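Next come two complexes, and both contain chain A; in the first it sits with chain B, in the second with chain C.
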Partner chain A sequence: MAQALTRCGDFKTSYRADTTIFPSARSRAFALVGVALLIAAPLQIGGFSVLSDYWITLLIQIGYLAIAALGLNVLVGFTGQISLGHSAFFGFGAFASAYLNNTYGVPVFFSIPLAALWTTAVGLIVGIPAGRIKGLYLAIATLASQFILQDFFARADWFTGGSSGSLAAPFAVFGYQISGDRQYFYVVLAYLVVMYLLAANLMRSRDGRALVAVRDHYLSAEVMGVNLTKYRVLSFGISSFFAGIGGALYAHYLQYVSVEAFDILLSIQFLGMVIIGGLGSIMGSLLGTIFMVLLPEAMSWAVNILRATDWGNVPSIVNGLAFLKQAAIGLAIVLFLIFEPDGLAHRWRQIKAYWKLYPFSY
Partner chain B sequence: MTGESPLLEVREVSLSFRGVRALSHVTFHVGRGELFSIIGPNGAGKTSMLNCISGRYTPTEGRVVIDGRDVTAMKPSARAGLGIGRTFQNLALFNHMTVLDNIMVGRHHLLRNNVATGSLYWFVGAQREELAHRRQVEEIIDFLEITPIRKAIAGTLPYGLRKRVELARAVALKPHLLLLDEPMAGMNLEEKEDMARYINDLNAEWGMTVVMIEHDMAVVVDISDRVLVLDFGRKIAEGEPDAVMADADVKKAYLGVDAEDDRAAPAAAAQ
Partner chain C sequence: MNVELLLQLVVNGLILGTLYGVVAMCFTLIYKASQVVNFAQGEFLLIGAWVCWWLLTEFQLPFYAGFLLTLVFMMVFGIVLQVLVLRPMIGEPVISVIMVTIGLSIFFQAIMKWLFGVFTQPFPPIFPIRSVDIFGLNVQPAYLMSMVISLLIMAGFAWFFKYSRLGLAMRATAFNQQVAQSLGISVKQMFAVSWAISAMVSALAGVVFGIVNGVSPALSFFGIKVFPAVILGGLDSIVGAVVGGLIIGVLENLAEYVDGQWLNLGNLYAIAPFYALVLILMIKPYGLFGTEKIERL
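Let's turn to the complex of A and B:
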């Protein structure tokens, strides 16, 4: 019952204040400071850079992947469905945005959201079986959609450029061409913030609650007036929309989209992000993505440090670590499932709960 | 529809599960504003009857008419829009949601915001709508005396409170017809008295027509306007509580069946 009662120090004086995205003024301030720091991240003053090119690249990667991961979390974490084909939607968004821009001359500024809407349509179609099947069967159905879309990418020369892939123009806003990673960083950051706000809003309004209701108890959700088929399919649509935005941002970042990039492995990695971050947690999607992007990097750093020491002369250790880098993602997913099934978001909440009332925490 | 026709009419409803006959030719009606109870021994078909009314099951034969409208083939999710709310014999809350969110799901069919407007929230009136409904939901929370637990995760609550939250969620739907499947089962005396009071108030003051399945005869006799008795899927009596209790067939159906044992038996057949 302890957690049933509102903590001391947590008073709300209106329903409006009680339905905010951030549970407390402090967590809101925390998020704002985070965004402010990120805004400062690409700055270069004279010869001094706040962050190196390498870090900017990593942060951009985290940005577009975290948007797609959030979409998968809506589907898996909030609605309780499963998809083994998320990377295909990510890929579809990438190709669609490049295609819209290359073929119809739609400015990149508009082709990104438009591509996401196309991806939503594809997601809704792929999601139709979800209205009828669940669990393992749905997993297989989405796996099939992954392979069908991959096959489509390989064959549809007109759309994807086939084996030679397709070029994607750099981002531009009303005639102003974005140049370099440091400028593109802001595009990704803006999308990241907007998409996370949209998701947070969704989850505190009617349809977001309906999705969670379908997950928690579909029979009573139905009696409450929630149309199960509609929401199960809709969930695929929403998840694809986010994947489409993420994919399109990826396309205009690399400025080249290859057919091979969107395989089942990437789909599993997306699943890893939401599992590690925390199923059914919005911020968890971001934390999980950060973890998944930084994990192989951390392994490389470890290898490099080791190389510099005496141990670096033992080839089996260095090679072993390089191999481990490949296995680490799988291992991390398994370890999290066993030891931290609620993900990083849960751990984060516990830390926050501790500090919230420090030094009077109880 | 005029106030003259009954709110609920069940006509010759039969229901079979691969040979097992759960209901045979049951006919009854419930008038507007009535507090109507369905009683009967275990496996009599009470929950099945409620499921036919709420749309979980489609009767093999017969019709269910609500407010003059034949709803026999209507999906359960569409029936919410007609103002039918229900609770379940076994707890059926959204366990990982807060109590407040559970109850807000009850507003689903009354809310107009959708995936697009809900996501945009501030600029398109979704916030205004959500807050307006939140205010009304707080009245229900107040009435059912669950204010201190409204931020709790539903799955962490003790049994009696969960039952109450389930009632709150059904009431949030603004039902004309409230279906309650054993709302007092497994409760202690004090909790039962509270629950009986809530149901009575919802009926008398909030104007809801109530159809309630209940094993506790004292409560049934105390608060019901009329009672329907089912046994082996058949209607064996219907009428005012005292008359029904005096009925020879009813006595026979309950002969040797102790009401206490009845409740303790695992309700495997539920839902």
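Let's turn to the complex of A and C:
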């Protein structure tokens, strides 16, 4: 993993300084400014709103998907295991939170983390084969778990409401009812920041380094005292915790969870986010999610613009847009893997390096 | 106990199982030759069946002509896919290669839906009779044909890999790429050939299945059903693929029988192979005939 380039003369004199989340004071300031801008995003002053409702929904969508994608990146990018069943965990978190709230009256504020813990338990069980198998065998095992969990969702009426789905209450903090997307945006933002800091800190700890060691050379890792089975299964647990949080946020945002939403295509989309963003990059998960959410939207915009002109109004494109969007996702994954396997995070580092070293690029 | 139903289901399972076996064989062929796990195998069936259907309905070609054209198309398609997409991926980690084929699979699925719609389209009738009576069991002639064709393909594969020069070269490549290359075998060519054969034979299976059940996007599910079969048989064993396919085909139908007679859970038919898959992976990850990789320090 290439470190971000630092300026000449910027030396680290302690390990502590070398393992900070942000490599320099400036990058930390940038991140803070970014969060501050996001806090301002849903504000409405008088009749003027900073962002339209449409953009707020997109940002919320990016938020909860990015949390789940980050979890998958811990599993795929940092531990080097592949999971084709991530959307099932995402769905499990959504159903679990709704179930805890509806059946036991757990307040939504607590049901989200509780649902995530429940999802973690499921993830640990599903991850048990990972102690024995790896690589493509694991991919196939997780594919099977995706179908088994999906079948379970359709079957378990007590848990998911079966084919009619289940309703989820809106978010509330100690009696204060959150209403509308603009207020819910802050909930998602808070979770996003906390989860990303959590993941970044995890990667600085012994456990995080153990996960990376398992990815880079598992035999050496085992020789050095890393318990392979433990960390392989644990990374499934961690990734499903993130997926559970993301799924629970999704449930209380839409306030309705349907059984059909969590199919293999969503799992593939999660993998696409991680790969397009950059395997083994925390920021990459966010970048990849933004790409994956905006790509279909951008296609809709393009088609809408083209429809105004007379040669753009082709019925096969306008009516088949849903299929074209899906095709674009597949194509994006293939093209990124061929031409930019390190993802958007790598591209971003290169852009940064260009400007830091300007005008002498060597 | 309903013996007649059970027998009918077992026969159905065997017939479907031979189709699974054929697809599994194609999957194994690619895996053996180029170490690529092809998640887009089901789309080969889908594309083959749609192209054949399109040639038969749009141009009113006779079946054999349309079928031959489909095979030619699939051969070119397989080679182009290998050269354009899979060749740059040589030497990349397993995850990347898996993801490329998954990306291809959803890409082709979407494109096929876009071109041909999501509804099941029946093939123009090819056999005059609807069903044949064999020992009191109803068997559709297309199924019989599929069984015969599948067995022919299997025999053809056996001959191809045992006696033909190309087949021997492919086996050498699968055994050790460097040695094969030093013996004057073009490894790149072998990769392309394996993809071409796999695409052609898969398309054949797709057409056969399409004749019986109509062509629909659901055909691509074959590509996923094939995993239990190949894992059971061992990922790199062609014989294993056939045996695995047969077992999974029968297992599916037995699950339906058990479900229909006693359990009444519904949908056990679709999900039973995946439970079997997880069990096999836990107990015997290298399958019945696969080579076990032993790691030593």
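As a convention for this text, the second predicted complex is superposed on the first by the 333 of 362 C-alpha atoms of A that agree within 3 Å, B and C clash if a C-alpha of one lies under 4 Å from a C-alpha of the other, contacts with A are read in each partner's own complex, and residues count from 1 in each chain.
The definition used in the following text is that a residue touches a chain if its C-beta (ideal position, glycine included) is under 8 Å from a C-beta of that chain, and two chains touch if they have at least 3 such contacts.
None of these values were measured; they are calculated from a predicted model.
Participant: Quick check on the superposed pair: does A:Ala139 touch chain B, chain C, both, or neither? Answer first, second, both or neither.
Facilitator: After superposing on A, A:Ala139 lies in contact with chain C but is clear of chain B.
Participant: Of the two partner chains, chain B (first) and chain C (second), which one does A:Val223 touch, if any: first, second, both, or neither?
Facilitator: both
Participant: Looking at the overlay, what does A:Leu337 touch: chain B (first), chain C (second), both, or neither?
Facilitator: second
Participant: Which holds for A:Arg155: it touches chain B only (first), chain C only (second), both, or neither?
Facilitator: second
Participant: Residue overlap on chain A between the chain B contact set and the chain C contact set?
Facilitator: Touching chain B and chain C on chain A: residues 219, 223.
Participant: Please output the residues of chain C touching chain A within their complex, sorted ascending.
Facilitator: Touch residues, chain C against chain A: 37, 85, 88-89, 92-96, 98-100, 102-111, 113-114, 224, 227-228, 231, 235, 265-267, 270-271, 274-275, 277-278, 281-282, 285, 295, 297.
Participant: Write out the stretch or stretches of chain A touching chain B in their complex.
Facilitator: 1, 3-6, 15-16, 18-19, 198-199, 201-202, 204-210, 212-213, 215-217, 219-228, 234, 238, 280
Participant: Contact residues on chain A for chain C in the complex?
Facilitator: Touching chain C from chain A are residues 76, 80, 82, 84, 129, 132-133, 135-137, 139-141, 143-145, 147-148, 151, 154-155, 219, 223, 265, 268, 271-272, 275, 279, 316, 320, 323-327, 329-334, 337-338, 341.
Participant: Spell out the residues on chain B that touch chain A in their complex, using ranges where they run on.
Facilitator: Listed in rising order, the residues of chain B that touch chain A are 54-56, 75-81, 85-86, 88, 92-97, 101, 104-109, 111, 113-115, 117-122, 126-127, 130-131, 134-135, 138, 148-149, 151-153, 156-157, 169, 173, 271.
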